[in-house]
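Since the structure comes first, as structure tokens, the remarks are kept for the end.
The chains carry the letters A, B, C, D and E, assigned in the order they are written, with residues numbered from 1 in each.
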């Protein structure tokens, strides 16, 4: 199972100091991602996507409301969920391989299995040859990919991915999109995915959650067949274009409620 | 004036320690960006785009070859060039406004002019209301935009931009693309721009420099009229598509030379 | 037979080391069946604390600190005073004409209540100056204080007479000799804790006996005394001080190897401490004396 | 989709279940441990030989006497003046010294070894030399305290500068900041946590240095009370200035911490708190 | 476009112009300043009152004598043994203590004040108490050195942990690492530069503590040579152990630095070097 719900979640940040002010990053956000579903979170910069993911992951405690996984309220992180951070967040003193292995070790893996699994996922993201470099020796996109490998390697039931392909070139991006779809099809993972790319959203998602200003704006169903089949063909299909346009509209709408 | 040339630039990184190895980030790369030209640097993740920009900026010393600005060899940074970093690189202890003001102060601006200019550029990137937040209180895209504002504010002759719009949603991205084109048209800046987005490359560039594996692969001319006019229309024009496809081809080609 | 360990604390070795260390270096302790370990301290107050902590079996030093400690119930006994004469002096800058001139001047001491302090106060008192009219500074050991006078940091200081020989060379004058002003002042006594006396009374006596023979030997052999001093302090062969100390001791008969316990001198000492404010609780001097080990030691030697 | 209906029931329960057991405030914990410590000391301290140890109630009585007689106040004043001056001097000299050592390859190669060596200088042995130059009064105390404080500050700053992230410096270089500006606007704030750690360490060292200076030069101030009481075997009285010093150091540390929060509010916000 | 042709001419000139004037190596600078210092000391040191000061050639002669007689070696051995043990103990206890203080709110509230206070403890005044418990031999020296070393290490570690970036900790939390694992695998490496700074500061303090311990308990070791030489007015000889101590501290510091480079090679790579 791997159903994740945010239930009436609000999150505010209050900064103290000389100029105290409160930012509402999330306002009464509720949605459920069903088991095995791929949901894409989309919305303007600063609308609360990362915050929503962090709350779902358990890294951030909701100011109000709560998170349920498989119908049970959860606090904190769990092996059932894995996260790809927006800024990779590699441990600077570990090599690429060690960074990937880190997550696996936390799950209790040791020895040859550890090394092999970590190496396999590094290979998956195309970094087999760079296994021995430390984060500061990697390019931005390479770091991002190590972060992806680290989260995929622990094979969590729920994957929370924050703009994982944002810093990648089109080719690498496409191949990783295909990988991700493949993994999801094989393992039935639940995926919550943040992106700014409408094509990517339509390609990956079962549903697209559109956010704005900390609020949930609209949820768009993506009624495309799975598996997606020939991606090139799919992209140029009218259905694809129609859904893409629906999302575009949702993004460009005036906010649903005026505060 | 603002002509920038990399002349036969190579850059290698040698890591010492238990497992010494050398990475060739750039191999004999030479190209010239003419005064007032917009060049886009494109290529797979880890191909050396950031390194090329850093060498051009003077942050990194070429292992071989050199950098010329307006026909004169330069070492180190100068007010003639401004950089938008791939990871924003804001100073964590300064607010958004102070970060933008930092660059201006270095140019000698003080007092009300400083505040007003910084605020104006913050407004340009849509962050007027967040002027008082520190980087850790900003979302990924917001940080990126502060970095853009900081570089634009000092109004350098040459702008080096490393995936500046990478973490932005489509709408914000578009409006900043338009802003950038507008600024360039008004001031005649020379711009070297890294992106992974083919559309963005075609939209912005006079020429697109395609890199691969640390080498210059091909340079594609973008023969579209300036100003670009209606961007929506342009995007769906066949010329646009053709150039886009040329770049796509260049990216997917086998490497020019086999080592 | 197996030698019994005996740990004896002394103040850091100076030019009088030939006397202080003779029992250990001259083999006299061994003759009494003791393995005598000499442990040096920066001040006799530290040695007293080490004694009270049970880390020493005996130590020697000025009677001031033990009297004060005794008044607070510390378990320390005077077993004899081998250096009843004070070979001590006040050194001063040449500009100071007499002890009366010390009023309003600065003086160096090693620590409040220690020998140089008490001696200086006793001298001041004889000259009608109170302790408050002089600024005292802690400047370390005899050597450090003497140096302080030579450098003009302080106007005067009490220090061992061993520096008389070099005073002229360093541009310092001898202002007052202890013998002339405070003949009552005892320099060194030897102390043992009550507990040790109860448990190892015989060893204590043997220790005193060893010391007595050692001092007798030192007093009779000028060269030997100087040799031991050099061995202990590493003094250069041309250093005149060890010889001078020997001559001083001889001249004033400062050392008495029989270790007489003079209650009247100790009482004078206690009264001085009360006058200077160091001693606030009265202490009965006889209660701090244990004559037995000395008597036994003399017996051992007498036969 | 936004299927709230079915979950509203359990919501209240969940909220109340979480009902954050508010954690015990820090000061309560601190007071409790201090109380426990004082109590334990009171009980076990009575068994220690009174020549060596004392216990809180006796110290309190002795402290009260010292306060009433005005001795403690006078001594505190005498001690604090050179301390404040020397501590301020150590900051003014130690921080720039550390910054320069950390930033300049030449300065580090030329001076680093002297700073390291001087930090390991047994000052106690050199007090006579200082006295020779500075006399017995106020200034020798200032010198002793300064020499004990300046090195932790300089060394911590120095090592802190050495680990300032390259990318921060590059921001300065990209905007053509001068070395001095990079130092002041980037290296200094980035090194602040190290500097603050140095300042806190220096508080402790400085307080100890104050006592040492008063031990080994003119007897005065709190050190004077300690040494006089020690020589009079009045242990309870001896502990009074020691306790005062430790309280003083704790307060000063808290003050440094408070100043840090004011001048570098971002630091606490960015750091990890669970 | 790739217009190399016109520029090839100037290329060689440019390269040779740059012809990186190789900077003077660090050790040359260091040796030069040391030489200059020693020379200045030699010249001006002769003017200082010989009762207080000395100069390098005299110290060298005295040092040679002490080496030949075997005294220096013996004293060094006597001093170094407790130092090594106490220093090791301070690391083993100080680092975990600092980690816990930094990570645990409760531990910090409960113990922090004691650590701060104890760091400001005038140890010299409490040496007799230590003698009472530990005697006069090896262990009291170990205790004195330990008590002087452990606090800089613990405090620096503690303050370092407090500024570990939240985002690093979150990586651990996201992968469900236990508190202990977060401590060992994330907090510890992230705090390493602070710990190393603490270790370096502790070297200096420890060396001083070694002398103090030898001054204020039974006189022995290098401290003993200092005292005895001072009493003999042999200032040159007195400076020998002081110089040895400073050299020792410098070497130890270099050793700590070398160890840091081994266990944390990433640190130097990531930091700013121009």
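The rule is short, and it goes like this: contacts are C-beta pairs under 8 Å (C-beta built on N, C-alpha and C of every residue); 3 or more make two chains touch, one makes a residue touch a chain.
Computed from a prediction, not measured in an experiment: that's the story for all the values here.
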Note: chains that touch chain B and chain E both are A, D
Interface sides of chain A and chain B: same vs different residues, half threshold: same
For the pairs A-E and C-D, output the one whose chains share more C-beta pairs in contact. C-D
Inter-centroid spacing, chain D versus chain B (mean Cα positions, whole Å): 46
Could you please state the distance in Å, as a whole number, between where the Cα atoms of chain D are centred and where those of chain E are centred? 18
Cα centroid separation between chain A and chain D, in whole Å? 45
Express in whole angstrom the distance between the two chain centres, defined as the mean CA positions of chain A and chain B. 27
Which residues belonging to chain B are in contact with no fewer than two other chains? 15, 87, 137
Which residues belonging to chain E are in contact with no fewer than two other chains? 49, 52, 128, 132, 168, 215, 230, 267, 269-270
Could you say which residues in chain C touch two or more other chains, in rising order? 49, 52-53, 140, 144, 147, 151
What does chain C use to touch chain D in their complex? 45, 49, 52-53, 65, 68-69, 71-74, 106, 111-114, 135-140, 144, 147-148, 151, 153-154, 278, 280
Show me the residue ranges of chain C that touch chain E in the complex, using the header's touch definition. 12-14, 39-42, 46, 49-50, 52-56, 140-144, 147, 150-151, 170, 233-236, 239
For chain E, which residues count as touching chain A in their complex? 167-168, 170-177, 181, 185-186, 189-190, 264, 266-267, 269-270
For chain E, which residues count as touching chain C in their complex? 49, 51-52, 71, 127-128, 131-132, 135-136, 215-220, 224, 227-234, 237
Chain A to chain E touching residues, read off their complex: 57-59, 76-79, 82-83, 85, 87, 89-93, 102-103, 106-107, 134, 136-137, 154
